[in-house]
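The next part holds the structures, each set out as structure tokens.
Look for chain A in each of the two complexes below; its partner is chain B in the first and chain C in the second.
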Partner chain A sequence: MRPSTWRAAWAVYKNELRLLAVSWLGAVFLSAFWGLGGLFFLVGIGTTGEASLRPAVGNLAITLLFLVPMVTMRQLADEARSGTLELALTAPVSSPALLVGKWAAVVSLVGVGIAGSAPWLAVLWRFGEPDLGLAVAHLLGLWLVGGLCAAAGLFASSLTTESMVAGVLAVVLLLPTWLASAGRTVAPAVAQPWLDRIAVLERLRTLAIGGIDSGDLVWFACATIGWLFLAWRVLESRRWS
Partner chain B sequence: MSGAARRLASGINGLIVAVGGVVALGLVTAIADQRRVRLDLTADRAATLSTELRTQLERIRADGRPLHLVAFSSQARDAEAAVRDRFARDLVRQLEQSGAAQTQFVDFDADRRTAESLGVDRYGTWVITLGDDRVDLAERDLFRHAGTRETRALQFLGESAVSGALSRLLTPRAPVLYALTGHGERRLDPRGGGDLPGLAAEVAQHGWEVRPLDLVRGSGAVGAPTVPDDADVVLSLGAQVALTPSEDAALLGFLARGGALAVFVDPGRPTPSCLARFGVMVGDGVVQDTRQIYPFDDRPWLDVAAHPLTAAITRDALAVVLASAAPVRPVEVPGVRYSPLLRTGRTGWVERGQERPATFDPPSDAAGPVDVAAAVQGGGPTGGRLVVVGDADVLTDAVLADGPGNPAFVMDALRWLIDADASAAPVGRVGRLRQIALTGAQLATLRLVLAVGWPLVPLGVAAALHLWRRSR
Partner chain C sequence: MIETRAMTRRFGGDTAVDRLDLSVAGRGLVGLLGPNGAGKTTTLRLLTGFLGLTEGSALVCGFDVVEQPLEVRARVGYQPETPPLYPELQVGEYLRYVAEIRGVQRATRLSRVGEALERTGLVGWERRRIRDLSKGYRQRVALAQAIVHAPPLVLLDEPTAGLDPVQLVSIRALIRELAADRLVVFSTHLLPEVAQLCDRVLVLARGRLVGDGTVSELAARAGLERALELGLRPGGPDASVALAALPGLRAVTPLGEGRYRLVGVAAADVVALAVAAGWAIESLIPREPTLEEAFLRLVGGDA
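This part shows the complex of A and B:
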């Protein structure tokens, strides 16, 4: 992207972040994230007795699959319906800048949600003997999932003018990547390596034990870029239609 | 070009670009998967296989035969099942990622067919096959509880157990253990049953071949009693009557040739006289200590002495429990090295009276510390090895399971006897559960704070912001 595109993306990002900050949407997202996360955390340490964020993070990752599309579903669909998207696309804001700005704002919101897990970490340190590196890996995994869901949500939102449809569509688009691990057990042997390739849970396993695998990081990056790329193509086709 | 044709061309162009972009990203991920770089963030390097296990996996690759591992889940009713399965899944995943093994984690309850096809009837079993050879690991090989009552914690021995299993699969000959018979010993039957089924299963799972040894009848009508040439270890499991002089001579000759003997003896029972000639003897009386394993009054609290055989037990703080043990003490014999393994503290003594409860009555009772298990090593390169334990009950299922360190102590003793000092300590690391301890009241408070109070903060801030904006 050219410097002007970055500047435009920064402007979109700030605007989106401001909107999320002053709207109830951001607050409800954070409230749900922290509430469910707190519940998962306490149930996890209660049942396993383990000083780890792992049970909470595992469940929160699945929660993000539903929560993030609730945030992204309005971002393009609502603007397309109200006609402001056409205005934005005719202004000196390129489609990639628009998408990157909006995506970064949602990822920042997820980041604030993850930062809000600090009280859980404080509990672990006060009453247990946790592994800081393991916790960092878990939270990094959660953030990567948030970024992926945000990108898929934006793509879904670019396809329709109905925000609810966009939300449901995003979940439908993301579900196969979540169910691929379960499908592996019933799939024929020839399909199993391919299911492994698209399975989010498989990509999180190394992070779950405290490791960072470059292959998994690249997969998350490519999957996220892939959804944003498809959203860009949709916006471009809309620009020229 | 008409509008419709232009839109069609534009659409096809867009589709080609989109498909091309997705394919390009797919290729990037495929290449990245081939050239992985890993970083371990954990303090105890839990996300990296131990050097020992990686070495074994390299040997497996060099061997060329396919390695398969099927891990079955723990019993779901078990409170620790989730943690056990989590440990198991993590290691299975790491082994799969190593590229040296094909792995499968099977829910024992959901997939009984796989269990039946492999002949597995217990939760938590791991089946490891290399070509046509197979080793099964029981759940007790993979997990144990270590530490004192206050610090008791679950430990995962998966890396160690898998390393051991791979080592056995790669080793052409299993060590042979001869169990003495004919003197009222406890029967060690490798096919199950017998008097010591738990020990039989343990030695079988560690790759030992068990055979009975009757020194008198086995030597035939003409020859003098002799220990078979293929014997790695001879085991005496609580003999009730004394060995004949010729049997004693056979054992002494075996030790002199560099053989290995393990003697487990109950208080008041005869011991092979060859022991004294090899630098150790079992004394009269029963060992007592004011520090006891509650609620038993015949199980003294034992300290583990420093020795290669006890290195793993010491490292993992495993308690070894003996019931009604006889004292073991050194005999001055030139050229042999006596090393205590288990002993009481200064509060222990040898009780020679009959009073109950037992009390220390000098001078008839001998003051502690008292040894209850010892290792003796002969001099020179062919020096034999001997382990003497003043309790044969330790081998029974009841006592074997009572002491967290008992199975490890017995198996490490056998390994030390065959000069496998390096493997006396478990190969690989011990995965430990980082625990968190919360009282009910603390949990209730945290539930209120973390699941109710903290999530209300963003809503409160949003409400305040909303009111502030309305007021303006």
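This part shows the complex of A and C:
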């Protein structure tokens, strides 16, 4: 009997979490996330005097563009080289189920990182009067960025069997979404709408003031699904190449 | 269980599998034999759906590998040439994961994993990390993952590659045992392994099936016959002319030092002739055609 798509994705998801737990990769990711996040938080409060997560979240979103590919680079590239991808692709697991399971595991890891940021909120409450809704919006934005990076990272990982190449490639793919925000100030007027469309930080601006814009959510959903779709096509094309 | 019709796979301009027609059913051990580059791995990958067919069709366990790949994969156990293991996992964790992705229900998962551990001699090794195992035991884990969902068909790609002689013996015994209640198809380029283990041999060369049958059937197809090797005391007269008169003889080949290879004659006739001619027989040995001879004849210059 073959498992349903969701059961297969669930099995892959649990295994990915197990691998993250036992391979130290998860611990290294979380240490970096919390370490850098704490630093950004303290520096942000010190420089702005604002009882808010905003400065830390903005910097952490950029940090995720570099940290998440370190996790995803192993997920398909390394597995293709070690042969475990062949195990999954010769089991009754569809490529979408495989990708969703792996993507969800990375998103969960980012979620653990965000949940572990609770002490920052406690500090804000101890010394100020932060807006809880605003803080939730900030952290939601961070999580959406994590999901986007995981999807792009998986796509990069599907393109090669060299995990380092996959990591670098993912950063290269994600960098324009960050640089577009900076570039729009110096770009010609005709290019600005296009840069706005890919700039991930622009999508966080509404969240940064505590609002949740459905357009931004749709943008994150489309971008994430788009990268996963491309990864799916690459996996399928391997059967024919 | 396996039915292929003109199954073809090309990689760019290279044809790895060329219009392959296979029909394999029942239980037992079938060897897929061929020199390096003959298309063995590609054939197995096509049958699992890991690779797509360029042309032709393939049915595995009654399902089309292109149209119904997930149904096929649920019924096939597969061990790639590189054992697909997660070194950082424990043996038990790994097998439970494989059982889950292969669709074993939660209620029977533990018992299926236990069964696979037992059949592959891994009981007591469940909590060992795979990275700490020897190559032979890793191979056992790889075999256990291929049978954990109790598939009717198991495909093994060079399962004994790189093993030492002691490991070879135990893994071969294990493969033989696995074939008792299912069909096991395994690829190899080791002739003694196939001769020793297999009920049926499929010989591939340049992606084509050039032989199919038991070792003796392959020998017959290759034009090889059972022979007698006669050894006379050295220094005696040349017996070729007298031997050529034996009834039914199709070939006599002098091998030197009083030895002759005779095809198509009965041992009793040879002994009678030797007694009548006063020859001293040192040996009279029946020689079956070997798989090696048949293989070399079938694949031509490819081996």
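FYI, the second predicted complex is superposed on the first by the 238 of 241 C-alpha atoms of A that agree within 3 Å, B and C clash if a C-alpha of one lies under 4 Å from a C-alpha of the other, contacts with A are read in each partner's own complex, and residues count from 1 in each chain.
As a convention for this text, contacts are C-beta pairs under 8 Å (C-beta built on N, C-alpha and C of every residue); 3 or more make two chains touch, one makes a residue touch a chain.
Since this is a predicted model, take the numbers as computed values, not measurements.
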### Query
Is A:115 contacted by the first partner chain B, the second partner chain C, both or neither?
neither
### Query
Looking at the overlay, does A:182 come into contact with chain B only (first), chain C only (second), both, or neither?
neither
### Query
Who does A:233 touch here: chain B (first), chain C (second), both, or neither?
first
### Which superposed partner A:172 touches (first chain B, second chain C, both, neither)
neither
### Task
With the two complexes superposed on chain A, say which partner A:211 touches: chain B (first), chain C (second), both, or neither.
first
### Message
Contacts for A:48 in the overlay, against chain B (first) and chain C (second): which applies, first, second, both or neither?
### Response
first
### Task
For A:191, decide between first (touching chain B), second (touching chain C), both and neither.
neither
### Message
For the three-chain arrangement built by superposition, which of chain B and chain C touches the greater number of chain A residues?
### Response
B
### Query
Where does A:164 make contact in the superposed view: on chain B (first), on chain C (second), on both, or on neither?
neither
#### Entry: chain B/chain C common contact set on chain A
22-23, 240-241
### Query
In their complex, what parts of chain B are in touch with chain A?
7, 10-11, 14, 17-18, 21-22, 25-26, 28-30, 32-33, 35-44, 46-48, 82-83, 86, 90, 93-94, 97, 433-438, 442-443, 446-447, 449-452, 454-459, 461-462, 465-466, 469
### Residues of chain A that touch chain B when the two form their complex
22-24, 26-28, 30-32, 34-35, 38-39, 41-42, 45-52, 54, 116, 119-120, 123-124, 127-134, 136-137, 197, 205-206, 208-215, 218-219, 222-223, 225-226, 229-230, 233, 236-237, 240-241
### Message
List the residues on chain A that touch chain C in their complex, please.
### Response
1-3, 7-8, 11-12, 14-15, 18-19, 22-23, 82-84, 86-94, 239-241
## Note on the structure
In the complex, the residues of chain C that touch chain A are 11, 48-52, 70-71, 73-74, 76, 78, 80-86, 88-89, 93, 97-98, 100-103, 105, 145
